[in-house]
Amino acid sequence: MASNIKIKAKLSGDIADIKSLMIHPMETGARKDPDTGELVPMHHITQLTFTNNDKPVMVANFSTAVSKNPYFSFKFGGANAGDKLKVSWVDNLGRTDELETVLK
Amino acid sequence: MEKAAAVLVLCFATMLMHSVALAGPEEDRVAFVAFFKSRFPDIPFADYANGIYAIDRDAREQWLAIEDFPPYEFAIERGQALWQTAFPNGKTFGECFAQQQEDIRAMYPRFDELSGEVVTLEMAINNCRTANDQSLLAYDEGGIVDITAFLAFEARGKKLHVRVPDDQPGALQAYESGKRFYYSKRGQMNFACSDCHVTSVGQYVRADRLSSSLGHPTHFPVYRSKLGEMISLHQRFAGCVRDVRAKPFALQSTEFRNLEYFLSYMSNGLEANGPGARK
Amino acid sequence: MDRARENRLSTRLVVLAMVVIASSGCSTEFERQFADAERLRAEAAAAGSEWLDTGKLLDQASEEAALDNMDAALMLLEQARFQAEMAIKQGQREADAWGGRVVR
Amino acid sequence: MHVRRRLFLSGGIAFAALAAMPRALLAAAWPDKAFSLTAAGEAMKDLLGTDQTIASDKIMLKVPEIAENGAVVPVTISTSLENVESISIVVKKNPRPLAATFEILPGTLPDIASRIKMGETSDVMAVVKTDHGIYSTAKQVKVTIGGCGG
């Protein structure tokens, strides 16, 4: 089963450059279904959290204005090869997803 | 004497007409490439594989930002899983193809002498399923688009190599029919493909710049930002036909397959660089 | 979307069948004009030059006719017929004209 | 609130995080009110306590001049300002102007990128909160009506 989150991590010295991409509709709640003409209910990621060896390094708060299949990148210091980076999100319906990767 | 001269002129004119009408695919392609070279002298041939971003420098930067981590990576991954999953009889997709995995994309579309028609990659995938007693995949759904995304990715860097074999008259016929489709006006807007993508290439239609047909088929399937999903080349064809307010043909119809055959031949020599990201 | 199109198409066929049956007896002005416009649409379709909205106009015409809005229905038929005729002419014109656009 | 609770229950991270960084987590509640407000100033007041920001040339905001597609506008923000606590993206003319806000936790660099939706041509503001003030820079992004692209 392919994951619905992808992470690309690059270490330069102790700086980790983290890029992430996830599958999510990010529905604004204002869009009409072209077939039925009915409003598609709001459905979006609210919070995206990254931890490195269980230490939080980034909390990203999203509105519906983040594009469908969201992309987010950031950098943090004090990283080492072998660190365990974990990303997880929660959306407004309470659904979650997560992925763990090892920094190289 | 005068009469003889007239006959000679007539003969010459007929010969000229013949040579024009009988311009083969290779002559067509050379002229096609030369047209774009004269329209955009500064764009290197290879860059046409990047589609509209060869022409639109402003948009190119946004495209590169998306290509940095493109949403189609999920499609490649899903496609790879589908490709590698064996059929119930234990055989795999790979066994249906004569080429190595990375060589498949650039060889399609191809003319199949046996069935007498153009076979696209999508069709070949479904033919493989039929051969293994599997149901056909729908051409407007994810599965087949994902598989072509995977094969496109595997083929990156391989040059398009579509052939119209001399010894197969059906192949030339299919090519000619695609060429005719391409240059025929259609729809309420009365536009031919070539009106936008040759004659007016690079100009604006409202806020959009018209892309070059040289390089049109190299990067499919594409992730369309406006849809938030992957689409095939034929889905794009259908979109264009609808835009000129003509009734679109079915995905993988003879019309669209022949059009793909012609367009792909025009882009021979460009690198396959799909899947792509488009607005 | 495709399903909706199929449904419309089958509605059109049913209407056409009704028209054919009716025309054996005393057919109304609408039925005659519908059959005529539909025949032209089919001719354009066979030539591969059908326009986008012609079928939609025919569907709308039969909807209006079902509601007994005959003026509106006949006007829509007239538009459909005009489109179909133009599409057929376009196809005939292009049988030769396309060659003049080929890049040489 | 229940959204936060679900995140806590969803895995071990939250408990580990709670022990390690209580202050950071407290600051990280999803700001539902700020996200729901329809005026940029009000949203900023709710999120940051003020809509007054100091214009700064130490904030690098990279956005396209003309968006290829309003559905996917790449935004990159970085800053050389010290002690950054958060970075926010505000799209003045969006129906709900606050697009996203990022907690820059200790050790994390103030250097982020994302892709956002824009309904129409608007100023895009990068708002940087540090321990000594709130700074911003803005650029206009033109959003055009297309429909025939690619």
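The letters A, B, C and D name the chains in turn, as written, and every chain counts its residues from 1.
Throughout what follows, a residue touches a chain if its C-beta (ideal position, glycine included) is under 8 Å from a C-beta of that chain, and two chains touch if they have at least 3 such contacts.
Just so it is clear, the structure is predicted and the values come from calculations on it, not from any experiment.
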Statement: Contact steps required, at the very least, to link subunit C with subunit D come to 2
Task: With chain centres defined as mean CA positions, report which chain is farthest from subunit A.
output: C
Message: So the centre of each chain is just the mean of its C-alpha atoms; given that, what is the distance between subunit B and subunit C in Å?
response: 31
- prompt: Between subunit A and subunit B, what's the gap in Å when you average each chain's C-alpha atoms?
  reply: 35
Field: Averaged-CA centre spacing for the pair subunit D and subunit B, given as whole angstrom
entry: 41
Field: Averaged-CA centre spacing for the pair subunit C and subunit A, given as whole angstrom
entry: 50
Field: Residues of subunit D engaged with two or more neighbouring chains
entry: 71-73, 113, 115
- prompt: In subunit B, which residues are in touch with two or more of the other chains?
  reply: 66, 225, 228
Set of subunit C residues in contact with two or more other chains: none
Statement: Within the complex, subunit B is touched by subunit D residues 64-69, 71-74, 76, 113, 115, 144-150
Message: For a test of understanding, state which residues of subunit B touch subunit A in their complex under the given definition.
response: 66, 68-69, 71, 73-74, 77-78, 81, 225, 228
Message: If we count contacts the way the header does, which residues on subunit D are in touch with subunit A in the complex?
response: 2-3, 6-7, 10-13, 16-17, 20-21, 24-25, 28, 30-31, 35, 71-73, 91, 94-96, 98-105, 107-109, 111-118
Complex interface listing, subunit B residues touching subunit C: 20-21, 23, 28, 31-32, 35, 140, 179-180, 183-188, 190, 192, 194-195, 198-199, 242, 245-249, 255
Touching residues (chain side subunit C, partner subunit B) in the complex: 2, 45, 48-55, 83, 86, 90, 93-94, 97-99, 101-104
